[in-house]
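Both of the next two complexes hold chain A, though its partner changes from chain B to chain C.
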Partner chain A sequence: MNNRDLRAFLILLKREMWESKNLFIAAPVVLTILLVVAIFWVIPQLPEGALAEAISQLGAATEGVGALNLAPFLMTVATPYMVILYICTLIYLVNALYQDRKDSSILFWQSMPVSNLYTVLSKVVTVCFVAPLFVVAAISVLFLFVIITATVLGLSYDVELASLGQLFLASVYSLLLVYMTAVLAALWLFPTAGWFLLFSAFAKNLPFLWAIGAFVLLLLLEDIIFGTQFLGNWLESRTSNYNYIIFEASDFFQRLFSYDMLFGIMLGAILITGAVYMRRFAE
Partner chain B sequence: MSEIVGANSLVKYYGNFKALDDVNFSINAGAITGLIGPNGAGKTTTLKALLGLCEFEGELLVVGRDPRIDRHKLMEDVCFIADVGILPKWMKVSQTLNYVEAVHPKFDRKKAEKFLSGTQIPNDKKVKALSKGMVAQLHLALVMAIDVKLLVLDEPTLGLDIIYRKEFYDRLLNEYYDGDCTVIISTHQVEEIEALLTQLIFINNGKIVLDTQMDNLSEQFVEVIVDGNKIEEAKQLSPIYSREVIGKKIFIYEGQTREKLAHLGEIHTPGVSDLFVAIMKQNGYKEEASGDE
Partner chain C sequence: MKKYVLKSRYTLLLSVIVSFIMVVVIEGAVMDRESRVYTFENPYFDLNLNNPEQFENRR
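Here is the complex of A and B:
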């Protein structure tokens, strides 16, 4: 990849964000705003004692706990963000190679010296590496808010929470873990992403139903012809989150280079190659 | 002159429908070629083949490349405007400039901005907020700022009002065309581009039915407004087409010398639209097959 290619690829990533800013930027931002509003709404509702109790329990729980050990607890905050990210990513993948065919703007994209491979890769990189960045950014704003609020409350109740420095370190580390987890999750679910991209590039209409329908058909065919449930079991095994949630940065490579993970990435790559091929002729 | 497009025995099926039936033609550098045909004649299919947007049989070289291989490399030398309104609706005007600037090595942003400054198009508006005419202007501004060898226009002014249509072609000719690049225009609004063309290709039912240089048109075809008493004589010379305008009989002849026809009445070179109708009728074009897109 030379300089020009790199520049072109970066604008393709930007292009995805211009088009899908609601899914990848607005959604986590709105979630942060809702959570902040919820916190402000809940705190004054709590009975006087309960808040002091909660603060002191929190103080006790975090006392003497190092930043590295605190981080996994902070990661739980990411849960609603990950749910939103999954939903948005699914909507994005289904439309990624479909919408422009539907509104004919594919003719504009195809009139530019950009290969189909780059176009499809830009969507894959968006899902795997770019979208999680915005999740992490949104969570970091929430953390900042929570740390400040908790510290102020702690001071007002004369409870010493883990030191500010520790909390800050723990948040930064947990953000790194959240990002790594999101990337691993995307790679773990790579075959799913490839499957939806393939049907996004192929279906004349209703790409989501095509993707689901085709898979259900495969399940049925397997059951009828071979009497086995290999595909179903395999799909079920993919839902196990052990394979991508990590609580220590050093686990990243161990998860990444596992046999199951690499097999999934390979399978996804084959499906994505199919999507690139489908994209060749805009008919 | 070097050949920019060379098509040899192009065949394309859509299911059982033969959209291209042994299409052969050649376009030289510097030409402004009109690809004219009724709806469904194969114009768009031919252009899609040139641009690497569809599969087909036969040999085709566009700027020295087979468009079926590495379309993205071909697009460094070829630009196209297909129909109006293929610009992505969600994009802002400024984003279209940023995008093309980053992906196209031959795009001159200053040039595009200069073109745009002569229009009412606001930089921060999305394409969907622009009128149809503005979208066409924007697309033309983007394309005119790209220094390519071949520009392909497929019904570029369809659905625009006459002011935009005229302006579109005026700008194209005055500000873009410099004799170095080659332009292919497909349309069925023949009158609008008649004066621009250097080469004329008629297509019907997937076949090329006429391929001629505009300079040769006056030698190849003659239109005669026949004097009232010479109509029978005129019919004897086997005209390819006849029509009646305000009580006057008008005949079009192919391959007859002007000298031979001069005594029949007033002699002209036929207009492209009359010639189009003549050639289409000669090739068995049925009017009921037409319909506006």
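Here is the complex of A and C:
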């Protein structure tokens, strides 16, 4: 990839974020605003004694705990963001190669000096690496409010929580873990992304129904015709929670280069190749 | 081969899906992948969805 191709690819990534800013930028921002409002609405309504007890228990739980050990607990804050990210990613993938065919803007985009391969890859890179960045940015704002609120409450109830520096370090490390978790989960779900992109490029309408229906049909046909469940067994092997979350940065590369991960990426590559070739049948 | 695969979107879709299924089946056969979902253990009765005939005598 030379400089010109790299610039073109970066412009494609910018295009994806412009066109999907409601999904990948507005959604986490709105969630952050809702959570911050919830924090400032719920805390004054708590009984004085209950709040003091909660702060004192939090102080006892974080006593002597290092920043690296505190970070995984802070990751629980990211749970609603991950749910929103998965839903938005699903909506994005289903429409990624379908919407521009539906509104005929594909004819404009294909007249640009950019290959179908770069176009499809830009959507994959957006989902795997770029969208989680905006989620992490939104979570960092929420962490700032949580740290300030926890510190102020600790001072007002005279409870020694983890120091401000420790909380800051723990939040930075947990943001890194959240980003790694999102990237790892996206790569673990690479075959799913490829499947939805393939049917997004293929279907004339209702691409989501095509994608789900085709997979269910294949599961049934394999069982009925051959009496085997290889596809179902493989699908079941991808549902382990262990592969969606990491609590230590050192686990990242171990999981990334595991056999199941690399096999899934290979399967996703087959499906994405199909999606790239399917783009030439624009109607 | 490429000419036939790229003849139409339907042949392309079929080729991609067949390739995907073949890779999954071959890998499953080589790695002897078994499902863990279909067997449930509890102290009251044995339920194994791989063997539905066990329920045929029940009324």
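The rule is short, and it goes like this: the second predicted complex is superposed on the first by the 281 of 283 C-alpha atoms of A that agree within 3 Å, B and C clash if a C-alpha of one lies under 4 Å from a C-alpha of the other, contacts with A are read in each partner's own complex, and residues count from 1 in each chain.
The rule is simple: a residue touches a chain if its C-beta (ideal position, glycine included) is under 8 Å from a C-beta of that chain, and two chains touch if they have at least 3 such contacts.
What you see is a predicted model, and the numbers here were worked out from it, not measured in a lab.
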First, second, both or neither for A:Gln229, with chain B first and chain C second: second
Chain B versus chain C as contact partner of A:Phe202, first or second or both or neither: second
Where does A:Glu248 make contact in the superposed view: on chain B (first), on chain C (second), on both, or on neither? neither
If you stack the two complexes on chain A, which partner ends up touching A:Ala8: first (chain B), second (chain C), both, or neither? first
Who does A:Tyr277 touch here: chain B (first), chain C (second), both, or neither? second
Touching A:Phe263 in the superposition: chain B (first), chain C (second), both, neither? second
Which holds for A:Asp158: it touches chain B only (first), chain C only (second), both, or neither? neither
Where chain A meets both chain C and chain B, residue numbers: 280-281
Help me check something: in the complex, which residues belonging to chain A touch chain B? 4, 7-8, 10-12, 14-15, 18-19, 100, 103-105, 107-116, 118, 280-283
Contacts from chain B onto chain A in the complex sit at residues 48, 51, 53-55, 70-76, 79-83, 85-92, 95, 98-100, 102-105, 139
Enumerate the contact residues on chain C facing chain A in the complex. 6, 8-9, 12-13, 15-17, 19-21, 23-25, 27-29, 33-37
Per the touch rule, the chain A residues reaching chain C in their complex are 198, 202, 214, 218, 222, 228-234, 236-237, 263, 266-267, 270-271, 273-274, 277-278, 280-281
